[in-house]
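The structure follows.
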Amino acid sequence: MKLSARIAAPAAALVLAGLTATACAPQTSDTSAEGDKKSGTLRVWLFQEVGNKPKEKVVDAAVADFEKAHEGAEVEVEYIPVDTRAQRIKAAFNDPKSAPDVIEYGNTDTAGYVKDGGLADVSKEFAAWDEAKDTDPTAKQSVTVGGQVYGAPFFVGVRALYYRTDVFEELGVEPPKSQDELISTARKIHAKKPGLYGLAVGGAYTYGAMPFIWAQGGELADETGVTYQSAINSEKARKGIEAYTSLFGDDNCPAAKCAAMGGNATVTAFASGKAAMAIGGDFSHAAVEAGAVKGKYAVVPLPGVKKGTIAPAFAGGNNIGVLKSSSHRTLAVDLMKSLTGKKTQAKMFDAMGFLPTYTDVLDTAAEKEPFVGPFVDTLGAGAKFVPASPAWGQIDASLVLPNMFQEIVSGRKDVATASDDAAKKMDAAFAEAG
Amino acid sequence: MTANTAPAKVPAVPGASGAPARPPRRRPASPARRPGWTPWLYLLPALVLLGGLLVYPIYQLGLISFLEYTQAQVSGGEPTTFQGFGNYATLFRDSQFWQVLLATVVFAAACVLATLFVGCALAVLLTRVRALPRLALMMAALGAWATPAITGSTVWVFLFDPDFGPVNKVLGLGDFSWTYGRWSAFALVLLEVLWCSFPFVMVTVYAGIRAIPTEVLEAASLDGASQWRIWRSVMAPMLRPILIVVTIQSVIWDFKVFTQIYVMTNGGGIAGQNLVLNVYAYQKAFASSQYSLGSAIGVVMLVILLAVTLVYLRLVRRQGEEL
Amino acid sequence: MSARTLLRVRRPGRLAAEAAALVIAVVVAFPLYWMVLSAFKPAGEIQSTEARPWTLAPSLDSFRRVFEQQEFGRYFLNSLIVAGTVVIVSALIAFLAATAVTRFRFRFRTTLLIMFLVAQMVPVEALTIPLFFLMRDFGQLNTLGSLILPHLAFSLPFAIWMLRGFVKAVPEALEEAAYIDGASRTRFLWQILFPLVFPGLVATSVFSFISTWNDFLFAKSFIISDTSQSTLPMALLVFFKPDENDWGGIMAASTVMTIPVLVFFVLVQRRLVSGLGGAVKD
């Protein structure tokens, strides 16, 4: 008795304190800028890549050019681990004192950061910048929210179809030319070589699944004026979901193993020789090269529905933007231009293999390095982007789409029910984000 | 299990008196009789630190759970608004929340029982072997304890991978996927949690046994008592203060399991089948900056843990153990 | 030692127990072995269809990637500073607090004890947001202080709970004898009680050391813009990427991180066991 009475006191105190002392509300931050200084130190955050040295070299050169052109301006570059970017950048929005002036960010984060009030609107500067005219339209879409531009594309990443040349030759099959062919080829290979997945697919591999939806003419969500409405349960989208989930099964990629896989796992399966085909990005090159299939694979664009067409790929990649809280706005925008300009991007491609975001630079790159050819073709055929809504971050983080695919492939729900449920969750998120 | 023991204990006690029995208290000697301000002086540094860095944030957590508080409010874009119990209502209306809550309680209970059982059994084992095997087991256990959770989880997934892992090969399981079924996935995570948390129990309990006067154990084994009897009627009662701490800590830690589930089941398993509260809160709230909802889940977890601990402490006190 | 020798067990029983202990040790150590092994495997071999428990071409590449990182030595030093400060300061403060709650009776004693438990029950993830603002307002962001302070606060409640047993174990007769000899409270506290409880302090330090050393959450939330203040887990997180985890680097960095803890363990192992034992003697 006595004991519980003693606890009741602090517990009640805790609750009461919460209810009464609202005078002391949780803090908020003031992120507005204080002027536009024309000299001083600019701070930049870029992502730290696994082999970061070549990236640093290219950035150093761009920074040197910038410093030469802007007397009195100094640049401090810091490389932050990709895994911690969310905390770091949100923290920067909350503590302008430690915030940098210019940041690199994943393009799916754009809308969220804009909504958080973190990124500066650079539409005017972007429109007046002559190099920007050659920007790939999908890349431009990835910096645009509600018609305004919030940064400049830094590089793009797209996925295409990796396949095993030795297996294809042995079985006498050709790289698939359409979605139907892709599925039948995958099954044929698995039937002849049960030890291999025909096409490695993953229930949690959303970016691998999206092209199937888009190829059928489906959309993740439709723009309705200011906000979005989920279209994942539309007739066309369901067809794509149907096609993708049909690949999970004992005739290609057993659900017991493949339902849980993400993009990483499918590429690993391919690299280690466990799969005859996989959907991998231009950035997966190094991992595949280090694996058992080195020298025994090739890449083609992921086929679309009609023979000879290319399925629209997801246009991943990173952007560089200016923070709203920067006190050196003009300088910061110039630095952004110098980091994302054609010259830097061309060098960045040579150093890191990042695909440039300018159509002309991209073509030059493809000529130099045949490996990127299929990826450039995929981009050229029109890549697509996730809804530019702050809700997307939430939909992504709460695993709405992976859950949908997994519910279907594990037999818990059929395509119609699962997609309806996913649509409901997406709409709730869109509504909340306004 | 507590439900069974509680009523059984009641008839055992009333001999003491009609009123709720309070264990006789040994009063500390002389200076403690008039403690005055001394204990508070000793407590001062701890209280200052905890007050500032724990109590105040916990208070803020409670406060935030009653507000509309997303990243937009944090960065000052929009004003905060008072929601009352709105966040809690949202939470309790979500049918998934209740499923996750149930899974969390069952999973945590299984982890606690497994950890305590294995830890105590191995501690007894340690007392019966010579220095070399003891050192080997001790070092292995300490190594498991010292490994960062994120790495431990990753390695375990490697080991049990249907395609690349050695475990299935050795056990002849073919390409059985551990993470596909709900129960096998939970079992796998349980094994990893057990792996990294039994060392704490083992080392603590072993040290406790070492401190038991040897004559007592000697006498027991001369009487020809079985190992189980010795544990049950000699060691366990003497180890009770340690067992209490170990149990409470295990409950607190296992109820809040995060990294293992997140890493090993890829964010909560196939279609969310392996979600536990902490991961659920993370997905619902922190990953997408809905801090108020996350805070509400945090408060709910706090309340549940508090309830469990208090019930346990009361049971312990009934048995005559004082805090 | 005496406990073991006196507790003589019949021979075949002991041999079986020792065999069991060794088998269990191997099983428990196996994941660790796999971690170290993966760190030495060349890139393509870490996940290959023939999972071999050895490698024919050990490579230091993964370790090289770990050590080549910007300011790796700095991270290591920072981790040592943070963990060291937390261990020492929390041990001292917890010692005082544990003495207060075990050797004195005063109002709110039980309430305080329960509060110390409650403090451990809140999910840390949920507290990072309020703590962030607190650190910001104290101007501690981006300093090692922003790691030391919260870790101190988080390791204290547990340390106090553990230390209670040790302080309790010191016989009261000893305390009375000291006062009769004319020792002051302070003298008793530091010259008599402290040395007696020291093994217990070592034992509790292990917990605060591990939790501080392995922490990612605060390290990535509070050190925002100054890498020179980052700690070791940052050197590990670099290898986790959305699309292409570098398994070799992850394993190598983890190995590098685990070694100092193991060394710390070996150093305190004796005291740890004798120390934790003190908690039962009542």
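As written, the chains take the letters A, B and C, and residue 1 is the first residue of each chain.
As a convention for this text, a residue touches a chain if its C-beta (ideal position, glycine included) is under 8 Å from a C-beta of that chain, and two chains touch if they have at least 3 such contacts.
Everything numeric in this text was worked out from a predicted model, so none of it was measured.
What are the mutual neighbours of chain A and chain B in this structure?
Shared contacts of chain A and chain B: C.
B-C versus A-C: which has more C-beta pairs touching?
B-C
Taking the mean of the CA coordinates per chain, how far is chain A from chain C in Å?
37
When the centre of a chain is set as the mean of its C-alpha atoms, what distance in Å lies between chain B and chain C?
So the centre of chain B lies 16 Å away from the centre of chain C.
Which chain A residues touch at least two other chains?
In chain A, the residues touching two or more other chains are 3, 7, 26, 94, 268, 272, 274.
Give the residues of chain C that touch two or more other chains, as numbers and ranges in rising order.
As it turns out, chain C has residues touching two or more other chains at 47-49, 110, 114-115, 118, 130, 133.
Pull out every residue in chain B that's touching 2 or more other chains.
In chain B, 58, 60, 64, 74, 163-164, 306, 310 touch at least two other chains.
Can you check the complex and tell me which residues of chain C touch chain B?
Per the touch definition, chain C meets chain B at residues 2-4, 6-7, 9, 13-14, 17-18, 20-22, 24-26, 28-32, 34-35, 38, 47-49, 51, 53, 93-94, 96-97, 99-101, 103-106, 109-110, 112-123, 125-127, 129-131, 133-134, 149-150, 152-154, 156-158, 160-162, 165, 168, 172-173, 175-176, 179, 185, 203, 207, 210, 214, 216, 233, 236, 247, 250-251, 254, 257-258, 261-262, 265-266, 269, 272-282.
Per the contact definition, I'd like the list of chain A residues that touch chain C in the complex.
So the residues of chain A in touch with chain C come to 3, 6-7, 9-10, 26-27, 43, 45, 48, 50-53, 78-84, 87-88, 91-92, 94-95, 97-100, 106, 157, 263-264, 267-268, 271-274, 281, 283-284, 286-287, 290-292, 294.
Quick one: which bits of chain B touch chain A in the complex? Just the residue numbers, please.
On the chain B side, the touching residues are 20, 22, 58-60, 62-67, 69, 71-77, 80, 82, 162-164, 175-177, 179-180, 265-272, 283-284, 287-290, 306, 310, 313-314, 317.
Mind listing the chain B positions that touch chain C in their complex?
27-32, 35, 38-40, 42-43, 45-47, 49-50, 52-58, 60-61, 64, 74, 122, 125-130, 133-134, 136-152, 154-156, 158-159, 161, 163-166, 169, 195, 200, 203-204, 206-212, 214, 217-218, 221, 238-239, 241-242, 245, 248-249, 252, 256, 258, 278, 281-282, 286, 291, 294-295, 297-298, 301-302, 305-306, 309-310, 323
List the residues on chain C that touch chain A in their complex, please.
42-44, 47-49, 65, 68, 70, 108, 110-111, 114-115, 118, 130, 132-133, 136-137, 141-142, 220-222, 224-227, 234, 237-246, 249
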